[in-house]
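What follows are several structures.
You will see two complexes here that share chain A, one where it goes with chain B and one where it goes with chain C.
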Partner chain A sequence: MSLRENLNVIVIDDDYNTVEVFTEFLELSGVKVVGKGYDGKDGVHLYKQLKPDIVFLDVMMPDFNGFYALENIKKINPNALVVMITADLSIETEIKLENMKATSIIYKPFDIQQILEIIDKLALKAVKS
Partner chain B sequence: MQKEIVEDLRQQQILLTAINSKLKEKTNTNSLHSQINTNTEKIYNHIFNPQKPPIKKKGILFWVTILSIPALLFFAITVDTDIFAEDQYSLTSKYVTENLRGDTIDTWKFWNIIPGSALTVNIVNSELLDDDKILIIKDAITSYETILIDDALTHKGPKGTSSTYYLGWTGSLKNAAELYPTKYPIPNNFDIIESKRGEGDIIILLSKLKDTDGYSGFTKSTVDGNEILKTSITIYDVNNLSENQLSTLVLHEMGHAMGLAHSTAPEDLMAPVITTNFPYISECDIAAIAALYNGEIQGQVVCEK
Partner chain C sequence: MKIIQETIPKTFKTYKYLLILLAVSAILLQTGFFIDEESAWWISSSVYFIVPGTLVVFSSLLTIKMAKSGQSIKLILLFTISVSMSFVAEQIWIGYELIGVDPFPSWADFFYLAAYPPLALFLFKLIKIPIRAIPKSNLLFIGLLASSFFIPTYWSTYESIGEESLFDLVLSIIYPIADIIIIVPLIIGILYWVDKRNNFLIYLLLGAFATLLADTFYIYLFQNDLYSVGNSVDILWIWGYMFFAFAIFPSNKFLDYVKKDYIPNISRGINMKIKTRLFIWSIIIIAAIISGGIFLSFSFSELYWSSTVERTELVNADSILIHAQAHLVPEDFLVGDFEKQEKTFSEFFRSIDTTEVLRIKVWSKEGIILFSDSKEIVGKDFSDNLRFQEAIEGSVQPVIKDPVLPENIAEKGYGQLMEVYVPITLEGEIVGVIEIYTSLDLLNNSIDELNQIILIGTLTVTLFVISIIVVSAYNLEKSIVNPIKKLRESTKEISRGNFDVNLEFESSDEINELAADINKMADDLSKNQNELLKAEKLRSIGELASRLGHDLRNPLSTIKTSSAIIRMKAAMAKDDKYTKNLASIDKAVDRMAYQIESVLDFIRTKPLQVTENSLQSIVQEAIDIIKVPENIRINVEPTDVKITCDSQKLGIVFTNLITNSIQAIGENSGEITIRIKENQGEITCEVIDSGPGIPKDEIGKVFEPLFTTKQTGTGLGLASCINVIQQHNGTITLSNNPTTFTIMLPMRQQKSPQFNEMIVQTLKE
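Right after this comes the complex of A and B.
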């Protein structure tokens, strides 16, 4: 059994189809998606309830965005593994996310191999912690 | 935001390509699985393409005619039965209710709304259907229309007696709310939106894909405690559904979305396999809703009439 198969993750994105397709992909790759949400508030609520190993979090969402979720998840668990996914390439966003201790930043559209490598690295981290 | 939408679409394309190749890998390594899928598709096509002529049966009929008259008579009866069955609706549906941890739970739950407030229904991928069919979906949710059907036709009673059926959930739920005092308010207002985003209390996802298990509709509700938080309905293979089939599926899946389980009566709208010629919201569906929102039962529809 690979380390991936021990992982519980949640996926948060305001685009319903993206959540569904990404979830399908993760599950086919052996990762268990235990929760799905559609805004930052969902993300915080699901994190509190489910304590997943990794959070895949979209940055740009209406009302409660990814910054809101990241900030509040880090308040619950400063060591939470939160992978931020965004189409915003601005340096300001990158610096802001780094300052907020995002675990990783992935730019849309991301490469499949890239996401799998990140998952494998974080799986090791999750096992060690 | 526009850029985000474009990137989301590109992302979905990449992910779908990856999913496709992963599924192909799986299929190649499991020929039995592939065989099962092929067979499921054949059964599914049989259900959804009833207009296709039964070519094999015609061939058999030819030989049977030559061989013997008794055999011909026997075969003719069989063919008649098949044709009759094909005239009816034959749609299958499944539903699941999960808590926030993703565990499947047996008990059925209800919406706990502020009295008078509306549930938002989001039709996702509405561009897949023309305006007439979208209107059919909306009518199944918002219509107040009723019809009176003779009980003899539905095998519910003798000729001359009749029952009222609703053609939309708003009318039936308003009726339930007026007729029955309940502990929790029965939702009977719906705001319908068409958005690609995940907003809304009830999401109706229209899909071009065929379900590999042959289901036409699927409803999944997420609950917290006794309360439904969000419901997702998937209508599969929408482009190949007739107007009647689409209306029937939306009525049935919306029944699950409101908290109903499957019916014990095979001729009811909420039967797990919908074969009725009268797929409308029945009095027993309304009574089940009232009981559910009164905290009495777990949402199963039991039709006594």
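Right after this comes the complex of A and C.
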């Protein structure tokens, strides 16, 4: 509980409802959401500005997608923690994300327990670095 | 092409003067028969001067006209040069004629030969298109045809020159070769353009023209005793008949024409049908046999005749001489007492065998007839006889005489005669000449018989060959042409999409094999097409499903997260009245997610993660996942095998099969038996249930994707089973009574190329 509260995260998804609900869930869980974005470009911009500990990033977005954001965030900080949240189950996407060194992949609809476990592990990592 | 059309008279009106010129020339030529040729050399001027001159003028004018209008004059220039050269040659020849000499070879020949190369070039350039269009084999055929002119032409030039010098010999070869080179494009052009228009009438006219020319020349040659077998005239005849054959034979165009609904087919080209080819080859073979027979008969009789004549001549001469030396004295040959000599020689000839000898003359040294069968010439002086003059010098002189000559009227009743002048040498000196007449009838008769035998032989062989050809043509029709037609029809059917062709032939030859291949091809095509259709169907379903899946997962995610938020808020407010409802929402979302996932799982085929497993344990794990209802007992037989496989995927297969069985059994109590067997590297696994079985007409469909009998089924369970089993190079089949799914799997998998499978939903350390 204690580690979670020190975390600053940003949430990027093209679906407004998803962003709002996910943000509320994170806030309730004690995680501080410092930024919200609706496409890949927003994501990169927010990361540059806010330097959050974790980025929650959707993959399929119009114009600038999750791959674009992931690539550019990793350019800014190769060790950036980026959790991909996607509804795309295809194996190609999985491989691509893995190659781009995504920290983790979570499939929608996700289990909140699963999210919390990941946040806790990443909180440890964030503290270490 | 244009050039040619412009120089060919189109109608009488347009080319009035030219046609009048031609007519006048032709009439002028005819008068040569009625007036003295020597004094009227101008009669032939039309042939040598006016007509060729007109041609030179015309072509020159056309060349100039084309050059002025800026057209390419290469082609027409070649033609103009050629006609000019031969015109010059003609004039030189007339010059020779006027001064009364006839040298060969001469300057005229130089110009004649010079006319050939531009003409050949002109013709070859003109037929560029047909040369490209005609198959190579046809070109060969045409070349052979053209070279048939070589020997007759060569023969006539060679005979007129003899072999006096190398230059003459070369010249006598150049003329025929030049002719052949010119004739090749002519044949190609005729075959191509006549056939292009596909007008058998042109063939008929050409045939008639050629045979008519041949007839005319034959009469001329025969009358002047110049005809010999294999002459150019004979070849002209062959050409004529060949044109007739072309006109009448191919595909009965003639009949169509008679029926008056004849429509020429322009695109046919000169691709001959099998039967046409056979026909042409038959004509060639029969012609070869007949000419072979004629050649045989001529060469045999020639040889036989000359050798026999020579022998007869020598034998007669020898025997006369020997007898003369034995019975006669030099005084008998002195001119004097004819009556005594009459007695002496009559006795002499009676003493020798004279069955073949018909008539005798005895000449004195001076050329006076001392004795003869015809009394009126006895005592007369024939010393100017050339044969006698030669004989008195000491050589035996044979002469062949035909009975038509007036001198031989006395020998009426006999055919050909041979006279032999035998010089008589007595006491080392030629004292006179004995001339004997021998009949050659016996010899000629036997030669005739020989020829008859050869002729009958040739005829028999020809008839035999013709009957073979007829029989084989019939067989060809039956065994090749008809089946090929059938094959063509069925291939057309196949291309129309009707794969239900079932070709059947009695014989087991290549055509039959082809038919079998076509049958198989149709089958395979049909199968492939079905599979393609299926794959296409699946692909479009897959695309739709994955998009739908993605679109549904986003709102599901929101619902699930929202329910979590509500639960968290409720927990904070210590309010538990929504707990049950929230659980329902979560369950519904999970179920929907699962449904979507199973569809997507079916669509994406991940590569196998092959490891060594116990099949028994895979089955057991599958059973553990499923909630087995109380009324059903699952009985797993204890046999176990080790197998290399993707345990997760194979697990899904068993889960699906067992779930399927449970649903089939339904509410009644029942039993599911799972039996594993191993036999020579192949594993058989049966899943047997006591359910009611599958209706017969649905047994083939159960493995098809999206086939389901249940309200809640995805229709993908069994379809994904067959996918997984096929990935493992195995088979899955279904049979009733009891309902049994039989899986056959190889024990070991060939390693498929692996790429790093992702570890999903776990964190990478």
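Some notes on this structure:
Following the convention adopted for this analysis, the second predicted complex is superposed on the first by the 128 of 129 C-alpha atoms of A that agree within 3 Å, B and C clash if a C-alpha of one lies under 4 Å from a C-alpha of the other, contacts with A are read in each partner's own complex, and residues count from 1 in each chain.
Throughout what follows, contacts are C-beta pairs under 8 Å (C-beta built on N, C-alpha and C of every residue); 3 or more make two chains touch, one makes a residue touch a chain.
Bear in mind that the values here come from a model prediction, so they are computed numbers and not experimental data.
After superposition on chain A, the partners chain B and chain C are seen to clash. By the touch criterion defined above, A:24 lies against chain B and chain C together after alignment on the C-alpha atoms of chain A. By the touch criterion defined above, A:110 reaches both chain B and chain C.
In the superposition on chain A, contact of A:68 is made with neither chain B nor chain C.
Of the two partner chains placed by the overlay, chain B and chain C both lie in contact with A:60. Contacts of A:90 after superposition on the shared chain: chain C is touched, whereas chain B is not. In the superposition on chain A, contact of A:46 is made with chain B only, not with chain C. In the overlay built on the shared chain, the residue A:34 is in contact with chain B alone; chain C does not reach it. Of 3-11, 183-191, 219-227 or 273-281, the segment of chain B whose C-alpha atoms clash with chain C in the superposed model is 3-11.
Chain A residues in contact with chain B (one complex) as well as with chain C (other complex) are 15, 17-18, 21-22, 24-25, 28-29, 60, 87-88, 108-112. Note for the complex: chain C touches chain A at residues 546, 549-562, 564-565, 568-569, 589-590, 593, 597, 600, 604, 606, 755-756, 758, 760-761, 763-764. On chain A, the positions that touch chain B within their shared complex are 13-22, 24-25, 28-29, 34-35, 38, 46, 49-50, 60, 62, 87-88, 108-112. Listed in rising order, the residues of chain B touching chain A in the complex are 1, 3-8, 10-16, 18-19, 22-23, 26, 100-102, 124-125, 196-199, 203, 205. Chain A meets chain C in the complex at residues 15, 17-18, 21-22, 24-25, 28-29, 60, 85, 87-91, 94-95, 98, 103-112, 114, 118, 121.
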